[in-house]
Amino acid sequence: MTVRMKIMLVWLSLLMICGSAIAEPFVQGGAIGSQTDDGFNALGPVVEQPIEFPHNTHAGQMGINCMYCHTYARRSAVSGIPRLDKCMGCHKLIESVKDKPRIKKLFEYWEKKQAIPWKKVHDLPDFVRFNHERHIQRFYFREDRPVREVCGYCHGDVASMTTARRVKALSMGWCVSCHQKDHLENVSTTKTSNGPNDCWQCHK
Amino acid sequence: MSSSIIDRRGFLRVLGISGTAATLAGCGNTSIESGVELVESYVQPEDFVVPGVGVYYASTCAQCGSGCGIMGRVREGRILKLEGNPQSVISGGKICGLGQAGVQVHYNPDRLTTPMMRDGDGLKPVSWEKAGAALSARLGASSPISGEQIAFLTGEISGHQRVLLDLFMDSFKSTNHVVYEALSPAIGQAANKAVLGVEQPVLQIDKARLILSFGNDFLGTGPSPVHMAAQYARFRKAPRGTLIQIEPRMTLTGANADRWYAIKPGTEGIFALGLANSLVQHQAYAHALPADIASVLKLYDKETVSELTGVHADTLSHIAGMLWENSPSLVLAGPSAEGHANGFQNVAAIQLLNLILENNGKTLQGQPAHPFPQLEPARSSTAALAKLDALMASGQCQTLLVMGCNPVFTAPAFVHFAKHMEKVPFKVAFATQLDETANQCDLVLPLLSPLEAFGTHVAGYQPKGVEVMIQQPLMERLYPETRAFGDILLDLLKQRNPTAYKAFPDYYAYLKTAVTKAKPVFKSSASDDDFWEDALRNGVLHLELPPTGLQAHTEALKLGKPQVSESDTQYPFYFVPSIKADLRDGRHANLPWLQESPDPLTTIVWDSWVEIHPSTAAEMQIREGDILSVQSATGIVRVKAYLFPGIQPDTVSMPLGQGHSQYGRYANDVGVNPFKILNPIFDERTGELAMYATRVVIKKTGENAMVVKDEGPTNVQQGRKLVATLAADQAALAKEVSRVTQ
Amino acid sequence: MSLSNLIKNWSTLRVKRPYEDQYKDKDYKWAMVIDLDTCTGCNACTTACYAENNLPVVGKEFFGKGQAMHWIRIERYWGENEEMEGKFPDRGAQFLPMLCQQCEAAPCEVVCPVGATHHTPDGLNSQVYNRCVGSRYCSANCPYKVRYFNWWQYPERAWPNPLEQQLNPDVTVRSKGVMEKCTFCVQRLTEAKNRARTEGRRVADGEVTTACAQACPTSAITFGNLADDKSEVARIWARQKVDLAKDKQDKEEDLRGYRIFEDLRTYPSIVYMERVRNFEA
Amino acid sequence: MSHTVDLHTPEDKDIHIERKFVPKPLDIDREVSWAKINKDVLRSLERPRPMFWVIFVAALALFSFGVYCEIYQYQNGMGAADLNNPQVWGLYIATFIFWIGMGHSGTLLSALLHIIHADWRKPIYRYSEAMTTFSLLTAALFVLIHLGRIWEFYYVVAYPNERWVWPNFSSPLVWDATAIGTYLTSSLLFLYTGMVPDLAICRDNARGVRKKLYTFLSMGWQGTDRQWANFRVTYMTLACLLMPLAVSVHSIVSTDFAVSQNPGWHITSFPPYFVLGALYSGCAVIITLFIVLRYVFRFEEYMTMPILNKLIKMTFAIAMVWNYLNLIEYATVWYGDNEVAKAQFIYKITGTYAPVFWGMVLCSTVLPFALLIKFVRTHMPTLLVVSLLLNLGMWLERVQIITPTFAHSQYPWTWTANWFPSWVQWGIVAGSFGWFTMLFMLYCKIFPAISMYEVKEMVHDQSKMLKARGQ
């Protein structure tokens, strides 16, 4: 290694440090709903669920609105797992699939009046307060975006999965990257606004 | 509709899978994990149950007898916090610290989770079958005991629990339902009854222009502190009333007085008569009293009164003048005036002032007759305990049942309650947590906490109209082996009389039937189920009734020459126990929030102490934290000294409620129990224990320990403007914005 | 905060706060009024705070060491000067509920090395637990000494099973080594604000309150939105002629409102109302 | 002269200015040969005597106990130190300031005196410079130790991160972290740069592992003219850079207190007061180490009495300025209209911690006058004790800045009556002394404690100067 190379190396590393310091805050995430690479993709582990729920059948093939089942998303901080009687409401009447093992399992839980122990796929640290309601109200109801886009921005294209799997980092930088973007106030205007930039909005 | 209630109970039962998993991770966990925790998941919840959103249910606070309506915040199946229920006239949407701590009764780590039965020396957990069998063998259909052989000892109890209990005792042809509260206001009640015609007049604190209180701690430990605090708040708004407090040791109410006077314990009646004597000099009041009383009153001239009470003679004239000028006024008697051999006399003399000042009907009113007298709380007394004690000592009592009271802890040492209890062959305690008394029993049955059980309460003090308070479960039971007191009683009653109660599968059914039966009284035309649902939703059944008048009975006062008990050279100090608003008689000492909540006046936590005036302390060279022995004729305790300016110099004071030995991790070995050194002095008229009449001698032991308190080395403001004070005549209160007066 | 954000908001960040009418066009400025004349010192607020905000009970030993965690404490004074006057406290005690004053120019905010405590747009003095490194500089600098540090790993001690089920899931359970303090029950405020925003309105007066104000049996504590002229708090502030942005109030003698240590220019958000005593009694 | 015209007054005639040359004792003997210097200094790097190991193990034990205390505190929480509200800092910050203050004199000696060509610094600056570096390292430890969440310390550092959050640049603690970081880095650099020619000497005289080490560290130093020229420029530049840093670091540390409104801290004169205090304690330590090294390594020929005398004079001067600033501080409080600060001051001198204050007065204000006595200046054991006491005084000074202010703050309710640090704090403070001793002892055995090339310069200059005077 020549001296020149050594010097080059030092300069290069310096440049990298400084460059990332300056450039990092300007990194732009993907536009909402694009579900494309926004630089924060992080595939989570496969989570074994008590019943291998086929999202692809329900949301994909049938095209059921996410919020038909995850009904709390628009009125609570958590989107919630559908209550068991909601599953039964349909499946009691769908004779064709009654014999499938997954449905049989569902009926077993129902008969025992036991809640299904679903596991959390999208978990946030305990000091974070994420509010589904506000996001759904803003982007689904006010901006009138398609539900799969609104939910998909954080959850990925669940309609193509069976059981859900985390696809985004759900990290602070990722949240902030979107909060800093200019979003349309509502469908009719061109006025834009950002997400809250206050620590206490998300940290509790 | 009835099914929806069952469903609601069902909701509590088929709760979410992680309803009980609380997070303790805190800031430690910064990582995002998948597949580690479970999601809230329901089977068939009510529509209004939304995960992540708190739901409020109305219920009733069971922490004291005030019967405040409360709202419990429930989330994901857990009761998180209690708030006041705005529907309840008593609480008016507010709640005290004691009430807040109700959740800690429920979640107490020392809760009793299974029945316990005596096995040799200790109590061993047993199954309900075994416990039930033991109970049936003694108290079932074939039980031979009756009359005096059985006794049911409870604390203040009201509502349908009391009805069932009475029915249960009836089935044994026994009247031995002993209601014992260590801090029973029985002397005052008896005197009120004699002078005013009612045991507990309804106070209109907010209407008074001047309150003269003889040791009445209505803000801290009165019959309904939350309600009275709200009244007090209005009393303090324009036109602002004045509060004068006279007592040997400053209470919380005294600490809020415009003027506080120290008085020798037990001489409150003399002072009141001195005031009466001054008052009747005024022409407006000259004919307020019958001539015979007025003539005896002349003996109470201000010099004599001043000498006996230790209050300056000018003070007496000054207060009399204030009473003249400020009408309507309100004169109150409190525990420190009641708890003496002449306690009845004291209260009667104090109430006489109300009569002279014609406050009855204005600031004092009679409580309307309760439409359901059987639901009203049975009046407690300490004399009843003495009777029971004699019964046990004589060996007559064969079966003792105890619920909601702890006489082994609260009975003074001279009663020897624990020893006499041993003579009872079968003792049953119903408890949410083992205490000293339960530990002495042969069978202990675990009860549901008040946040898990249905019930009704009726407060002894009804400030406005009449209320029946509804208690409902706010949460699924924590321990499957615990049962409702009502259910146990109902089971026993069914064994005694199977036909009469077969319509009621459980206590809930009984309660619902009983409450809905009262529908006509509340002038409701709703269906039974709607009425019941409404009752549950509101947490209270309110019936507006006009207050009744009071009848004056001046003859009840037996006037004699002014005299006080001899001073005692062997025991030179008056001993004044103080009641802490949160610990009361000690039943709440197991609640950590209350242990850590500083005593308002001394800011001491987790301890007992003896208060002594700084001037006396200086004479005896006592410093804060010096361990003193406080000795009465019947006992001795060793306790830390605290220098407290709000106390008569020849008086010492100790807080009640500490000194437990078998009441769980938070209460055990904290402080000492001053109940144990009370002398056997009784009120001459009622035979009740005179709690404030004990005399003690204090000695330094030479040891010193830190007093754990919030207060630092200074207790004054050091010239910083922290709490500023404005003279009442300068403050423009009438112009202020206030929601309290509305 | 990213550089772009910093640059974008530079003008607002550079302003000396508080300034006149700072919150005039804002939606919220949370503030409080505590009436010392009706405060009876009963400690209901303290216990309510323990229940709402997951405050640990530290026990006798740690309390004795001065490591108690009461976000709101009731102080009891016997006199205003350096000594108590007279033999007895014959005008009663002076009770003072002391909690974080949510200063507009908070001494704690500037000194936090990591920005764990900062000023929110609603005028709250926030504390972000997971950002806190525990330098305790904020506490050292707080003139009111209302910041409480987690000296021990309280979660392991304070909530033996099943007491932990009482914990409020909306509030973080703080682990050792972080500073905490009164938040004006921000979890309630956030919930109310979210609800109001969804419904396209501002939080109404009385819609949300802090745990202490809610419990207070004498309603001595009033909480509300100072940015809303019609709110009770704003009306009391206005009536008492207390101006948020002034360090010295020019007001009449008969007004009771004052802020503690105004001369330190912390601009607190809590107005205390002087205790009144009838000195003729 | 009688024949000359008397133009002057008679008195004038008697004026006879006799320019008498009083030979001062030389800073260093000019007869010392260069080879002897090499030999003497390199001898100090030889295998240590048993006593070295005894002291080293003692220091290690002390340090280990400190580590144990820190682990105990880490596992249990800061409560283990018996800190509380409002005594939030305890001895940690006091000791932090103490160590960081000690670090200042090394720079003063090496950089400032280098710039102004005060040659007498040459035999003693190297170890002072090392002392500076190690005390800074120790001080930095305290910054970490006092953190409640030591494992999150990197939040204080400004670096780009995923969260897009920065430290709070308006916080004096961030200034602290930055200043200490910068100062530590430049001190290390300065120490190392100054050592390069000596390391080359070591390299030439060493074998085995040491040879490899010195070879690596001396960076191919051959002593060519070009190397010397570059070296001198670099060294001077670094010295110039370091000077403002040394002043700024302790000024910044003082802002930790001065920017707050706490009574006893909110004082404008704090920055110079702190800087002077720092120099003061640093000089005292340099005297201590001077005596120790002189005795242990028999450096009498290089660490001569005249040099010590100059050092003491400087110390005395600094002590006086420090005293003056101290008095100014008290006078400002006393004559100011801040009643709270005045009450705090009265508490400081009469309250629970009055012994600390008066201990400081005794050790740091009164004791320096003992330096005026010749016996004290020349009798090594006495001087050693005095210098140690001066340091104790400076430590007490830091304690009395922090603890009484917390104990008697603005807010009367939270005053403390008799707060006392727990064994954990004492253990960690003691451990820091063990850590410092260990580092310094290792340094003395690995690197030359006296700058050989500069002593040679000094001898050379000395003889040149004397030659010029014709002696």
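Lettered A, B, C and D in written order, each chain numbered from 1.
Convention: contacts are C-beta pairs under 8 Å (C-beta built on N, C-alpha and C of every residue); 3 or more make two chains touch, one makes a residue touch a chain.
Here the structure is a predicted model, which means the values were calculated and not measured.
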TODO: Go through the assembly and pull out the chains touching chain B as well as chain C.
DONE: A, D
Open item on the list: If I average the Cα coordinates per chain and compare with the overall Cα mean, which chain comes out closest?
Closed with: C
- [ ] Determine which two chains are connected by the greatest number of contacting C-beta pairs.
- [x] B-C
Open item on the list: If you average the CA coordinates per chain, which chain's centre is most distant from that of chain C?
Closed with: D
TODO: Just give me the whole-number Å value for how far the CA centre of chain B lies from that of chain D.
DONE: 67
TODO: Between chain A and chain C, tell me the centre distance in angstrom, where each centre is the average of that chain's C-alpha atoms.
DONE: 36
Task: Computed distance of Cα centres, chain B from chain A, in Å - done: 53
Task: Geometric centre distance via CA averages, chain D-chain A, whole Å - done: 57
TODO: Quick one: which residues in chain B touch 2 or more of the other chains?
DONE: 23, 25-27, 30, 711, 716-720, 722
Open item on the list: At least two partner chains per residue is the criterion; list those residues in chain A.
Closed with: 24-25, 125-127, 171, 176
- [ ] Give me the residues of chain D that touch two or more other chains.
- [x] 164-165, 410-411, 413-414, 416
- [ ] Once you've mapped the touching chain pairs, tell me: line, ring, star, complete or other?
- [x] complete
Open item on the list: Looking at the complex, which residues from chain B come into contact with chain C?
Closed with: 20, 22-28, 30, 75-76, 78-84, 93-101, 103-104, 107-109, 219-220, 225-226, 229-230, 232-233, 236-237, 240, 242-245, 250, 252-262, 322, 478, 581-582, 592-598, 600-601, 603, 605-607, 615, 645-646, 665, 670, 706, 708, 710-711, 715-733, 735-737, 739-740
- [ ] Provide the residue numbers of chain A that touch chain C in the complex, in ascending order.
- [x] 22, 24-26, 125-127, 129, 131, 133-134, 137, 176, 180, 197-201, 203-204
Task: chain C residues within the chain A interface of the complex - done: 1-5, 118, 120-122, 124, 126, 128-131, 170-173, 183, 186-187, 190, 194, 197-198
Task: Interfacial residue positions of chain C with respect to chain D in the complex - done: 1-2, 62, 65-68, 73, 75, 77, 96, 98, 107, 110-115, 118, 131-137, 139-141, 143-145, 147-153, 176-179, 261, 264
TODO: State the interface residues of chain A toward chain D in the complex, per the touch definition above.
DONE: 20-21, 24-25, 171-173, 176-177
